[in-house]
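Presented below are the structures under discussion, each in the form of structure tokens.
Below, chain A partners chain B and then partners chain C, in two separate complexes.
Then we have the complex of A and B:
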């Protein structure tokens, strides 16, 4: 293993690329946490976005329409889930798991229906997300590798985190959003519609999940694979929680998971059994959550959400 | 006439909560709306504040008919409500809570500086000073209520509804609140006060409207009436103030020696030394949250103490199990009847044997004899006058007073020598309260010991033969029935010291 400077750039680059899909969804999860919604259906919503991005991509060949399809489809699913959770007061866990199971089955089925294939779908006409041009960095290898093959959506994810920070903590609307998670009844008593804000948050998390999904199916690779998300939605939930539902905290938590995935990939190529290495990000999730909550308990704080 | 409600009807299914109620309110007037729990006074106010929609009836403001379909439309019309259960955001600051719903805004962002200044100005205007940056969590109840009041005033309301505002306050805080109400009415605000505490009504109100079973049964000017007349109207019969008879005390049934509990380095109980003798009711006075809950939990085995001893009937039961403590002769009526006192979805029968189901009379070889249990429940229901259809209905279908009666019935029926009752009459109406108090006196006459924890000072003073005052986990003073008085106890409850009295 060559631990040279280019290798480090490669690791950082990979961490960033693997981090952003999680970050987008984790921001959605954070918004849900803020309104006291435990949205376990993010995985399914992400999968929905990944799939419909490819469907739109195949039929139109337009990146913009693909992204819109990803967001729209995931928002629709999350809206239904939101209605069930908030209006019908369905158990959040049950609704969320239903979304996950349903969308895994539905995308697998629809893949066969639309494309007539099982397992994976690739096609030469599929367009991928445009990459940010870094030709001008070609002189310095380190930066060239570091910023290479990144899409605009990757940068957008980080910018969005900053925007969300200002939204949550500086605007009136964000103030009301946070208030719902603290005491929905009190909000209702002043005439602020808690249900509406909660459903809005769920739909927004759907939108971000759709984007995160599109980043998976049109980012580094351009294809749809059955269960392409493989637990990233859950990791995003963990990141949302680990980052204390604070947008900036969520960036750091997501980076941690991005790094875990990178290491899993790198180590997989180097040594040890691959099955073991594939488990790395998931083990990291559990360990991180456990340490985080333990330190919280020690400080005498209360455990929220997870 | 400023506000007028006419022919208000409200039914929930086949239950009529309001039946042809009229109400009017003048500017700057304090109107007391009195009645027992379930008399329909809260329902009437919920209709006015838009939390409930009336089945039929009209509301007029300044002679014009208005339609109120939610709190926000009530607020727009200048009607605000200080809720009984505070509607506050505990992790937000005072400022954030007060401006909520009508936040000052710059072009893009929440204008916190202006909000803060508004809150300071508002506090000055109504003489209700508050630290605008304090976080609600950790604030005393009286101040939290002040936040609620300022919140309503911030919305520019002319009519303020107070829903049982004094239920959670200390005597000093009550005096303060009543003064605030008078002050607000002088400044032109009209006030509707929902309460069942008649002495407060006499002190502060101009007029009163008495409700019973959903109907208006009387409307009187305060200067023309008295507590006796009002309570008669409220309950529909005369409440007799019973003379408490003396009971000879016997041996000690319960004793705590230097009981100390530290939680996360915070001292929750600090060397508590108290005892209860047979034939004695011992009250613990204190603002809620000063260690009473933890005291009960440590005695009963729900929490382990850090040091000290709990002695029941001469035996050391410190840090043993609840089952062991119960077997040694302790019974408990917990503070929160819904969370700890009963199982909401269980039947009355199940709730009546809860905690005692393992006794031989109720079960053999792990199988419950429901026939016996059911019969036993019927007896309790009859003896304690619980209003219920049958013993198979769920606990949640009973009203608060009736479920409390059943819980007390369960705990008394086992003839334990030591009974702990925590907030036995919280949210219970006068009739049920009188009944519960009499049952406690009966148990005392049976030569059992009772430890009474209550944040209602009047209840403590009425029932207790001895009173301990708790403040921040410490016993601050001890009084006998003869030496106990409201001022001195109230002073200690707020952290005063005995030698300063």
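Then we have the complex of A and C:
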């Protein structure tokens, strides 16, 4: 019995660790959705953050500078994407897809330039994100496993979701932000600068993607692997939609993705197919959106999710 | 008088060349950025581009490799063009390729029938499955107003893992590698696409793709569907007054788009792998490169053919330069990404030139 409880703690812990990188990026995606931006470039921005975190890490050995580099680089890429999407009126899908291809190529290209390796880069001098010390919980096995090997950034992700909830729904500035998504022309007419807010939202999503990327390359492992994100940016978009772009909803949606990944790792075909387990959140996103939209259509409302 | 006619001809030629203006500008920008990347890698860009050109089209072997690589890109590109030109901005090419390739492979391996029945039903089954898969997203859009980009993106992943489930549990090739690789058995040798020459990768698949290009051109420009779908792409409101059933057009466009993308997957099974290999279609990225080809050519089938060959050339050329120079082969992804990024800004140039109609153009590809 004791073993079972520890197993559950292990699953919850793993779910949490797999959930947070998705959550950070999904919050970015949610903010973008709220201002009517379909930011499919999050995958590329996340990859950028993951890579430059390791670059700064290698040259400075400082966690803080690594995080700043991750955020800064991803913000730069997202700013360019924002300019193309909003100012140049480039099609959002096209810009996003281009960013993904470009950054997948550029990070691998630069990895060979900076480190002279292909595929993966590991080095003994790389520092990882500091873990929260849980020595005081050593007495109770359950809590020790549950809260073990988590970084400060993991906790920050959840706190950020709560802050974003208050910002979006309880402040004037948050209301302005949401007004762009509801009707940009109307918002412009009352003096809200739609373009500026849209680009701001994209850059903000870049910042969060950078953090999410850093969490991937400096969290559980400290290394950069070619295409280390492997679709987590897209997963985050799905979580953003599944949580209907509401920060608290996004937390639950990301947890669902994290749980599905954990179960597919842990159970490994014992009584549940791991392939179907991974497919479940994507199907669930479609079903959830269908139900959400259907109830809205029935009430005669306008569909605002994109 | 004569002068006047000449001038008109000159203008007409310009008019015909106009669609080329934007791709050429975008490609030039991309080449400049590529050159900067090459300088960073301490290589002379001119030399590297020379190697790239040679590695893509320089010999019979390289040319045939490029054309073989272009085959699925052309088909996926046509699929994307059909959907996008009628305002259906789906990105489900990858999922449709996977479903089509899987169904075609399974029928070709397991259907107990004479070879030609096997061949026909496998290909028809594959493409119809892909088309049907695409229809799901059409239904979701129709009934639940779910944006195509979201539903197709989800269905890419759902399709990939559900197909993987079937392969691992029911159709795994356990003989050759002990089931370590997630792949099916090979399809019978008699029905594979024959190669033109044993030493080269080029199969008749490429020529089938060219035939499909002509077919799609005909469909787009000479049929009622082609006209109506173009109108839907231009202006939805107008169509409602003009009696064009936009909904029907959407279903049809997405079905044809799915069929073509699925055929891209089928061509990979029949011409390259001879089986369904899990992950091969994802890592090959043909669906995405095909979408890029469609964007570069502004959904013109002949343009898709040309730009697919160019994009495939960038890929094969990229792997050639990584053998001969210090430049990593990822330069090809950098070039591809830059080309489509600059292509996306096309709308701005048009918008600056004629301020009227700007609203309509902004909507294109936006959402």
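Please note the rule applied: the second predicted complex is superposed on the first by the 264 of 306 C-alpha atoms of A that agree within 3 Å, B and C clash if a C-alpha of one lies under 4 Å from a C-alpha of the other, contacts with A are read in each partner's own complex, and residues count from 1 in each chain.
Everything below uses one rule, namely that a residue touches a chain if its C-beta (ideal position, glycine included) is under 8 Å from a C-beta of that chain, and two chains touch if they have at least 3 such contacts.
This is a predicted model, so every value here is computed, not measured.
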For this session: Could you say whether A:157 touches chain B, chain C, both of them, or neither, answering first, second, both or neither?
Result: neither
For this session: Applying the touch criterion given at the start, work out whether A:175 contacts chain B, chain C, both or neither, answering first, second, both or neither.
Result: first
Exercise. After superposition on the shared chain, which partner residues are touched by A:101: those of chain B (first), chain C (second), both, or neither?
Worked result: second
Exercise. Between chain B (first) and chain C (second), which does A:91 come into contact with in this model arrangement: first, second, both, or neither?
Worked result: second
Problem set entry | When both partners are placed on the shared chain, which of chain B and chain C touches more of chain A | C
Exercise. Counting only touches as set out at the top, which of chain B and chain C does A:185 meet: first, second, both, neither?
Worked result: first
Seminar exercise, completed: Per the touch rule above, chain A residues touching chain C in the complex are 36, 38, 40, 84, 88-95, 97-106, 108-109, 112-113, 118, 231, 234-235, 237-238, 241, 273, 275-276, 278-279, 282-283, 285-286, 289-290, 293-294, 297, 303, 305-306
For this session: Would you tell me which residues of chain A are touching chain B in their complex?
Result: 166, 170-172, 174-176, 179, 182-183, 185-192, 300
For this session: Using the touch rule from the top, collect the residues of chain B that touch chain A in their complex.
Result: 51, 70-73, 75, 81, 83, 87-92, 96, 100-101, 103, 105, 108-110, 151, 264
For this session: Give every residue of chain C touching chain A within the complex, in rising order.
Result: 37, 40-41, 89, 91, 140, 143-147, 149-151, 153-155, 157-158, 160-162, 164-165, 168-169, 288, 291-292, 295, 328, 330-334, 336-338, 340-341, 343-345, 347-348, 351, 361-362, 364-367
